[in-house]
Amino acid sequence: MIDYLWLLIALPLLGALTLILFGKHIGEPASGWLASALVVIPFLIAAALTVPFLNGAESETVFLFSWIPVIGANASLLWDPLSALMTLVVTGVGGLIHVYSVGYMHGDPRYPRFFAYMNFFIASMLTLVLADNFALMFVGWELVGLSSYLLISFWFVKPSAAAAGKKAFIVNRIGDWGFLIALMMIFAAFGTLDFAIVFAEAHGVLSVGLATAITLMLFIGATGKSAQLPLYVWLPDAMEGPTPVSALIHAATMVTAGVYMIARTAVLFEMAPISLAIVATVGALTAIFAATLAVGQRDIKRVLAYSTISQLGYMVMAVGLTAFTAGIFHLMTHAFFKALLFLGAGSVIHAMSDEQDMWKMGGLRKYVPITFVTMAVGWLAISGLFPLAGFWSKDEILASAFAKGGFFLILWGIGVVTALITAFYMTRLIILTFFGDKRWDEGVHPHESPWTMTIPLIVLALLSAIAGLWNTPVRLGLEHFLEPVFGDIHQVHPAGGLTVWALALISLAMVVIGILIAYGRYGRGDLPNEEGGYWTAALDGYGVDTFYGKVIVLPGKTISTWLAMVFDTKVVDGVVNGLAYGVRAFGSSMRVLQTGWVRSYGAAIVAGSLGVILWLLLQGGAF
Amino acid sequence: MIEVFLFAIFALVALAGAVVMLTARNPVYSAMGLLVTMFAMALFYVMLDAHFVAAVQILVYAGAVMTLFLFVIMMIGVDKKEERVETIPFQRGITFVVALGLAVVIILAGRQAWVTGSDAFGSPDMVGTIETVADSLFGTWTIAFLSTVFLLTIAAVGTVALAMFGPTAVQSTDEEEGA
Amino acid sequence: MEDFIVAAVKVVIAFALLFMVVLLIVWAERRIVAFMQNRLGPTRAGPFGILQTLADGMKLLFKESLTPRNAEVFLYLAAPVMALLPALLIFLVIPIGAPITIGDTTYTLQVTDLNVGVLYVLALSSMAVYAITLAGWASGSKYPLLGSVRAAAQMISYEAAIGLALVPVIMFAGTTSIAGIVEAQGATYFGFLPAWNIVLLPSFVVFVIAAFAETNRAPFDLVEAEQEIVGGFHTEYSGFRFALFFLAEYINLFTMSALTVTFFLGGWNGPTFGPTWLVWILPVIWFFVKTFAIIFLFIWVRGTLPRMRYDQLMAFGWKRLIPVSLAWIILAMIAMGIRRYGLPWA
Amino acid sequence: MIVMADVTVTVGWYMILAAVLFSMGAAGVLLRRNALVMFMSVELMLNSVNLTFIAAGNELGLVEGQVAALFVMVVAAAEVTVGLAILVAVFRRRSTANVDLLSELKG
Amino acid sequence: MSMIGDLFGPWKGFTVTFRQMFKPKVTTRYPKDKRVKPQRFHGRHVLNRYPDGMEKCIGCELCAGVCPANCIYVRGADNPVDDPVSPGERFGFVYEINMLRCIFCGLCVEACPTEAITMTHLFEMSVTDREEGIFTKDSLLVDPDGTPNHPLPETPLIDINELKLGDGWMRATAPSGRATFEGIEAWSPSARMGGMAPAEPSQQQTADSGRQEAASKKPTADGGQPEEESS
């Protein structure tokens, strides 16, 4: 059975190739269903392959073929509970989003192409997840970036979409740079990029300093892909892509790659406490920073985008706390409810005929009941209301931070405040969208989405509701499941007993307070005027983009301009032209030799070969 | 003993063919001379136990390549006898010296053990049956063999392209209009 | 030395046989075509006119051989010989009967068995092009030149088809030795059906059709299409030199038929019984019976089908025969694989 | 004749013959102006190389000599088809096969 | 059905040729069996005589003049007074036909005013020397008893009797030009017919009966105008 593992990657890839080559002939609904099938089938395979782990089966490595054996990089796949979990999330949520897209992308002129990209993304993501060495992981990492670029700028005729894709690509490159340096350092230290060898020998080979350097570089990669401070800026802009793309890439799967990578290299991070502290801090800061930004957004998708950054901050904080299980747990639950929220937002946008501004919505719950109900589940789940998924995972992270004590108590505080803000802005989103008066423009007739879009919503809503029960303080299901992976690593665990209940109550209280504040502010009649001061700044993302533009982009542009206009024309061209002049002068002196007669060239060739043979004979001592 | 005689006869035939090829004014006779040389070569291959190569030699060279030559000769060069006046300065002298030198140094090189190798590697009475050749061709030299497939495909496509996209079409219509 | 003598005797016998057979075939062709056209054909010379060919040969022998003024004399004279040589040589590898054991020595009824026999056949049959091309060119006149260019193009095209048609045969026999191919067909299916290569029906059809073209016979005889290009490549030939071309043509016809029999119809294989001498003779008889059946087919086709147009001929060769052969090779390969390794799912 | 009796054909004989043929081919390329004959001379050179390959292979007991000769033949066949096609194309344009007249590219 | 028919269509031709092999042949095995020649067969010429043995030819050279192949050579001469060869003033002194050039068109027969030259059914005239292809008066002229000559000996192929079979033209173009005279020798039977008409059964036979006695009544007709017929 494990022999079919390669199908996980091969099937979506096949789908991508088929749709790229023959998409136009396959036609509109068929290509979507084909793509969906080629994601759902891997999901089923992965599910079948995951079952043995529940019975305590060993991890396995499936060797496919030699790629670059010298650096320990083969095309071989690692199948352990962590990658299994990730695969299930990617293919499961991905499959639902594919089905959703069948309806959502209806009527798009490049419909098959969209699904080709989606399938390609799934294949890339699975490559990243299933890689058993850093090199293959990096390949997946880059392919994911590429497909994300393709998908963000899918509607490339919109200049903003094209710019967003470019931005995502460039910002990710900065992160990749860190990742690549980390890989080089690892190769320099271990002489191989194979996970198994690296992790097994890490304690013997690495000093703490080296481990810190490597992990920090890896973390730079993670900040890029997982949209942490300071490299988060691409994610809000990436909302220019189609909504399923936002759901798939920028909520459920790709952005979690950084978290996954840190969890995967947990052994290395464990050796570098400083790095861990930095990771946790960055995560916590990102969480609260993005949460405050989310509060001020008017665009429904941008709220969710900042919310995603904030939640990713939670996850990064968790892995920084060495609460890897908690991080992965939150990754999983977040995948469900954030995908749900995005898809719901997409459904709303679909209903509102592509209107994204929440100030122009309101009172939609009667028009799109299924969307409303499912999104309400997502809202409560992300807010962390008992007993929905978000409650369990977020609470575990916060409890872990609390349990670690010391400096991390500050992070705990930040996390709790972030939970409050999260509840606030999510409630704001729901109220503005579904309650209150109609504020939409003339000529908009909201309607419920087709079944292809609502069914994924329902499934995801169910998952968001119950997924948390897998890993409760009472019954640590995920913990056991992931034990083969993190068994050797010293993880921080929430304290037992009363403390955990107290902490849970605190965060629940925060959530309730947040919801109530939001209700008090938005739920009663007239909406407050949100202009000027904080609101403008938040809408502008605190001017971070402008700041980057001034501090980084502008000097870069200046330097490049100088290089292009002055250095290149004067120095580089000068050298080239000088060479050309020299060559031309030499050439004109030699042109006499080029008689145009083939036979004289032939004579030269034969004479030359005669000379060569003679020289060889002399060297060989024939004379 | 009989081998020596055969060698002598075939060698003379081969050389005679080469001389005819070199000196005939009419390209058809040149082709015939080369054909004779190729037959002699095939017979040498038989003497050297390379039966398969001998058959292929006739099949490919005599059967295909030289036929193609004849075709093209009849198409283009058949009526034009070559002028014997040398136009390129020193060409004849250079040719004479260089060709003679080449023969001498190749023969000299052939006498060097480090050029030819010294010991027998395989079985001395190896015979070039199809089986042995095929074992080597499809075993050790598979990649090379496959690349010849690409080479031939490219050659075929190139030939068709060259033949198809010439100025002929224009010319022929002109002629038709003239006629 | 003994081998040498045996070989020499065999060669002499083979050549004598060829000439005799040609006399017979020419007569048979004239008679059969005449019959198909409600005529009688030659009846005068000898019983049923069987000596007619001999008489014609004598006539040609004594006629004046003209040499056109524009001819390239050397090649003009050499071409008929070049036509005859490969025709004679191909026959040397065809076994006309089962090996005969006298005392301790076994004599094969074949001048020589080459391990590259099939390639030898292909190589020599490709040589026939030269005679035609050179004859046409050396005649120094336009009809022969046109005829020879046509002939060369035709023969080269159909040689490819012949070669491809033989590939499945070689695959089935597992050898390129002609004696080996014949022996491989000695087996039987289900104990009574002879395991002839005729089961490779597409190959057989392609081979026979290409053989028509290769021997420049109807319906592919536009090399000699009188109505268009007078006599084709041998327009300018007369007398004995023409007789050589004629001879070569009919030897080729016989050889091609013999090859068809050898490759596809089991060669000399057939039931044998009776005393030793009959066991020796019967295979030879089977061989000749089959060969003459194929020759009859050739003649029959000539008596039935009209001549093809030149572009039809080339298109047929390149767009029908060769693709069919290629597809069939693939199918035969699959069949071979199944025969050797069983069904893929079994 | 008595002396001849113990003479055998060695690989060296073939080498010498091949060398001579090779040189004749080279001379043909340098002397003849008809592009067709030049081509034929190149073929002669390739043939002589084949002869060395096979003679050496026979001497060393290696089948690789024959394999190499086969490859040379394939390459020669490809070369001839393309070369002659070029020649025909040139002839269509220039109505000559004389390489001395095709010297536009001189410096 | 038509599909199956199409499938075997190409074979139909083969079956046709195959079946023909067993059908009767059309070839006449010539020396053994000879085909019956048509009445108007244009065979070798003969020069005729009158029943009294006089030559009909008067040497007028009209035949030579009309000959498209230019193969007849005639020289006339005056009749010796004591022993006239022909009834008139002149007779054919030399009469040669080059059979190698003759196209057997029969114009000479039409041109002849005295019905001296007629054609027969013999065509076996092969010679081994071109000289022999020129037939002279010796072989062309019938003997006085009406026996025609042939330069070649009688063989199974050369049936001299064929020389006695008359030229159908004579009968087809009866002088009256009337179709009723078809098949009737118009006038003056030539000597080769065996001399005079066999009998004179009845002088008053109508034109319908077609029996022609004019010749016997006017043995010395000069121009050959059978006036009686017109009445």
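We just call them A, B, C, D and E in the order they show up, numbering each chain from 1.
Here, a contact is a pair of C-beta atoms (placed from the backbone, for glycine too) under 8 Å apart; a residue touches a chain by one contact, two chains touch by 3 or more.
Bear in mind that the values here come from a model prediction, so they are computed numbers and not experimental data.
*Asks:* Going by the contact rule set out at the top, which chains touch both chain A and chain D?
*Replies:* B
*Asks:* Going by the contact rule set out at the top, which chains touch both chain A and chain C?
*Replies:* Chains touching both chain A and chain C: B.
*Asks:* Using only Cα atoms to place each chain's centre, name the chain farthest from chain A.
*Replies:* For chain A, the chain whose C-alpha mean is farthest off is E.
*Asks:* Given the two chain pairs B-C and C-E, which is bridged by the higher number of C-beta pairs in contact?
*Replies:* B-C is joined by more C-beta pairs in contact.
*Asks:* So what's the Cα centroid distance for chain B and chain D, whole Å?
*Replies:* 5
*Asks:* Nearest whole angstrom, what separates the Cα centre of chain A from the Cα centre of chain E?
*Replies:* 117
*Asks:* What's the distance between the Cα centroids of chain D and chain E, rounded to whole Å?
*Replies:* About 77 Å separates the centre of chain D from that of chain E.
*Asks:* Could you work out how far the Cα centre of chain C sits from that of chain D, in whole Å?
*Replies:* The computed centroid separation for chain C versus chain D comes out at 33 Å.
*Asks:* Residues of chain B that touch two or more other chains: which are they?
*Replies:* 52, 56, 64, 88, 91, 94-95, 98-99, 102, 106, 111, in rising order.
*Asks:* Where in chain A do residues touch two or more other chains at once?
*Replies:* 595, 597, 599, 603, 606
*Asks:* Which of the chains are touching one another, listed as pairs?
*Replies:* Contact pairs between chains: A-B, A-D, B-C, B-D, C-E.
*Asks:* Can you check the complex and tell me which residues of chain D touch chain B?
*Replies:* Residue list for chain D touching chain B: 4-5, 7-9, 11-28, 30-34, 36-37, 39-41, 43-44, 47, 50-51, 54-67, 69-71, 73-82, 84-89, 91-93, 96-98, 100.
*Asks:* Residue numbers of chain B touching chain C in their complex, please.
*Replies:* Residue list for chain B touching chain C: 26, 28-29, 32, 35, 51-52, 54-56, 58-59, 62-64, 66-67, 70-71, 74, 78, 129-130.
*Asks:* Can you tell me which positions in chain E touch chain C when the two form their complex?
*Replies:* 13-14, 16-18, 20-21, 23-27, 29
*Asks:* Can you tell me which positions in chain C touch chain E when the two form their complex?
*Replies:* So the residues of chain C in touch with chain E come to 32, 34-40, 43, 300-301, 303-305.
*Asks:* In their shared complex, at which residues does chain B touch chain D?
*Replies:* That would be residues 1, 3-4, 7, 11, 14-15, 18-19, 21-22, 27, 30-31, 34, 37-38, 41, 44-45, 47-50, 52-53, 56-57, 60-61, 64-65, 68-69, 72-73, 75-77, 80, 82-83, 87-88, 91-92, 94-96, 98-100, 102-103, 106-107, 110-111, 116-117, 119-126, 128, 132-133, 135-137, 140-141, 144, 148, 151-152, 154-156, 158-159, 162-163, 166-168, 171 of chain B.
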